[in-house]
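So, here come the structures, one by one.
Both of the next two complexes hold subunit A, though its partner changes from subunit B to subunit C.
== the complex of A and B ==
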């Protein structure tokens, strides 16, 4: 990707984000249910209500409201949450690290587990194990994160209760932290009891998000490896007496990893979208869980802020994926 | 996209000969037969639920709350899968739940398919500004987390079956649009389209009579996959408590209820989850089987 391509992509990204902002803003103005009505006491007079409406700018016309809000967003001011009466940026800043840690853990799990299984499957080509693996993987591909999460609640939460069923960390341990990146901080400060507790809480939501990703990695990587394994250079290496495992890892994998990486990037955005419901199921205090509460509470500024944050992350990941794909395969320019 | 190239001799299939020519390979694909059979059975259960269900799914009996399934000790005769905390029969509620699931699946998937296909055909065939606008719209749509958007839409539209279906259609038309657009563009490059242009067929004639039938196999498979997605989305919305009133038995609603009381009785949680899982798996396998059976290149 050349510099002008990148500039073009960034311009398009801003345009897309503006589109997201307009849509979510318009959508929220037609939400039935008055947010002001939810925050006032029953004894408030009509004058109180009007004052409050003016305070939140709800008495202005739609284009003006959008203009004011969008100019504030550009300055990094997302407004004040109506239900929590706190700065939206601050609230998102507190919750986003939890979601990012969860999403990256699931990404690492999905890629590693998928990579190992695809490698083993390639070694087991033309044995009875291979079609069995494909069949099981086909089933895994069909199960979405929501169903995984519920099945895990049942299996690892109730029937064989080894992992905590909800939350991010034992409340007695959470006072210790200075940042909101608990997992990273506990690792850096070598606080292993907190680290272990964080991991234990993370296992189930991570599996729910990571297992569908692992299945996709297995399918894509296995296909790419199968193609690479019949190429001349691999046959040559085999004739030279290279062991099958080294053959796969050293020769085939290097050339098969490109398409898998691109697809993983695309799946990663879907996975970030999946955190919304998975966090809900495990009461994990991330951005998605807060988003659903915000919708239920009709907390317009908070919803707008969260949706824009998600949109920005999606677009950023997509650009990164394209950059990596272009870097891996400089011959063909990739167009989304 | 090399894999969807069809040979020119059998490409513009006359519509009349389609049924026999397509049904035979379908029946040779085990996934289509098994998954299709299961879904047909589910459809019959949904239609005849009042005759099949042993109890009224809404009838409460607080004396019989939290009864375990028939295999466990202390089960109440006649309640094969146990009862929930309000004493409602779990089996009957699971059977009735198929009604909402299938209604949402058929209606939402068909509407998304129609809208998405029209947009995709327009973008892929006419190109130009139509393509630019539609592609930009799809880009914007893709930047929303789908679950959050569906929750948001149901909050905007108000809960109820119509809102759930509308939310799914508003979100998922892009799935069809993207695939149909790419497929139409690929088809437009093929010889048969050029031949049709040479003969002097009009642009719209070529689109509807030549290209659409060739896009149809991919489309049909996609509809089946979308039905599975629609069932999941409805369950998610019910789980969050936004789909339908709790009086109407839905699998997602039962799962949410079972999640609350999972330590008192696992059965309220497990049986609707199994129903949901089997249905989604069936739609998924049917879709993949159809894609394989209908694709002339993959069939070889």
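== the complex of A and C ==
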């Protein structure tokens, strides 16, 4: 990707986010449900309700509401949460790191596990292991993240309770963190008791989100590797005495990784969506979990802020994937 | 030393996929050191199967049912895998057919050209680099440093084939198997590549098995020719003898079928069906193999 391509993509990203803002704003006003009704006490008079409405600007016309909100967003102000009475940016800032850590861990797990299994499967071509692997992987492909979450709760939380069932960190640990990136911070500050506890809490939601990704990586990567392994350049390298593992990793992998990378990017954005339900199941204090609360409370500014944040992540991931793809494939890359 | 470099004796093979149809029928031929031998025939004649057998890369669908391939007196078909992989890539190397697919698009030329030097000879990176520069000079590539640093897609087809030739001769092999190395190239580039293979072969004293379906190519480069049909050796001899005084009717029909530059308007003359009938009768097959 050239610099002008990148600028182009960033420009398109801004346009896309603008579209997302309009759509989410309109949708939320079409869907029934009144945020004020969730806040008032039963003894409130119609005058109280009208005052509250005016306070949140809900008495204004829709275009006017959108204009005020949008101008504020451009200034970096996402408004105040109606249910929590706190700044939306601040709330998102507190929760997003937890979700990013979880999603990134699941991504790393899915790619590494999938990559290793695909490599082993490629080395085991024409043995009995190969079809067995495909069969098992087919089963894994069919199980979605929330089913994994429930199965893991039963397996590793109830029958064989090795991992904590809920939360992000043991509250009795009383560790003070300076940032909201607990996992990274505990690693940087070499606080291994906190790190271990964070990992233990993360294992199950990470597996729930990462296993479907791993299955997809295995499927696409193995297919692409099989195609690459019969190329003449692999044959020549084999004749020159290259070991089977190096043939896969050095000769085939870089030529086979393209489709997997693209699909992983798409899948990663699905996975961010999946965090909503998986975080809920494990009471993991991330952005997804907060999104459900926000919807239940009809907390319009908070929902808008969260959706815009998710949208920005989707777009950034897609640009990143294209950058990596260009870097991996010298034919598409810029030389200089 | 009177022992030939390669002696194929009574080699027979069948295709397990094709209901056990024979792909090689009692093939025998010998190759002396430093000799260029053409293996000629149409598709399915068995020339590629012989080449693959020499390289130890027969597909799993081909089963050898009899015979030997002796390389310096040792039977390649009965050799333990380890010894075989010692010989392959060092004493026996390959110039592949298509330079578009024979170079890894994701690796720089230097890495691919020096693989064999580093893996088989244990050269250091710096030694291999020096040797790679020499090799590129031998195959007449200017700007060797730039080429070593390039990716395959930055080079022309002829350039890539030169690199593959350099790579095939890098370890001073005793035998190079050239699998239709000019088929994928322009006619003008073909001529240069043929000349280059011949020169490299003479300089290194290497024997070459040249697989082709093109008698014109054979005339330019080969000392001796083996003509195959349906897995059977039809005629075998010195190139000049065979082209000027063919013994078999199929050979003369093939020569007559080639384009004639001295008579450009004469048109092409296909090999008559009667010749194929005679061939099938001689070999003992009912159907013409395609």
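Here is the rule we go by: the second predicted complex is superposed on the first by the 322 of 336 C-alpha atoms of A that agree within 3 Å, B and C clash if a C-alpha of one lies under 4 Å from a C-alpha of the other, contacts with A are read in each partner's own complex, and residues count from 1 in each chain.
Please note the rule applied: a contact is a pair of C-beta atoms (placed from the backbone, for glycine too) under 8 Å apart; a residue touches a chain by one contact, two chains touch by 3 or more.
As the structure is a computational prediction, the values presented were derived from the model and not from experiment.
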Subunit C versus subunit B on the shared subunit A, clash or fit after superposition: fit
Touched partner set for A:288, first subunit B, second subunit C, both or neither: first
First, second, both or neither for A:52, with subunit B first and subunit C second: neither
Touching partner for A:236 - first (subunit B), second (subunit C), both, neither: second
Partner chain in contact with A:324 - subunit B first, subunit C second, else both or neither: neither
Partner chain in contact with A:15 - subunit B first, subunit C second, else both or neither: first
First, second, both or neither for A:255, with subunit B first and subunit C second: second
Which of subunit B and subunit C A:276 touches, first, second, both or neither: first
Partner chain in contact with A:155 - subunit B first, subunit C second, else both or neither: neither
Arrangement angle, subunit B at one end, subunit C at the other, subunit A at the vertex (C-alpha, nearest 10°): 80
Contacts of A:89 with subunit B and subunit C, given as first, second, both or neither: neither
Nearest Cα pair across subunit B and subunit C, whole Å: 16
Of all residues in subunit B, those that touch subunit A in their complex: 136-137, 139-140, 142-149, 151-153, 155-156, 158, 228-229, 232, 235-236, 239-241, 255, 259, 262-263, 266, 269-270, 273, 276-277, 280-281, 284-285, 288
Contact footprint of subunit C on subunit A as seen in their complex: 126, 231-237, 239-242, 250-251, 254-255, 328-331
Contacting residues of subunit C [partner subunit A, same complex]: 55, 57, 60, 85, 88-90, 93-94, 96-98, 101-107, 112, 115-116, 119-120, 151, 153, 164, 167
Subunit B-touching residues of subunit A, taken from the complex the two chains share: 12, 15-17, 19-20, 23-24, 27-28, 30-32, 138-139, 141-144, 146-147, 150-151, 153-154, 157-159, 269, 272-274, 276-277, 280-281, 288, 291-292, 295-296, 298, 303, 306-307, 310-311, 314-315, 336
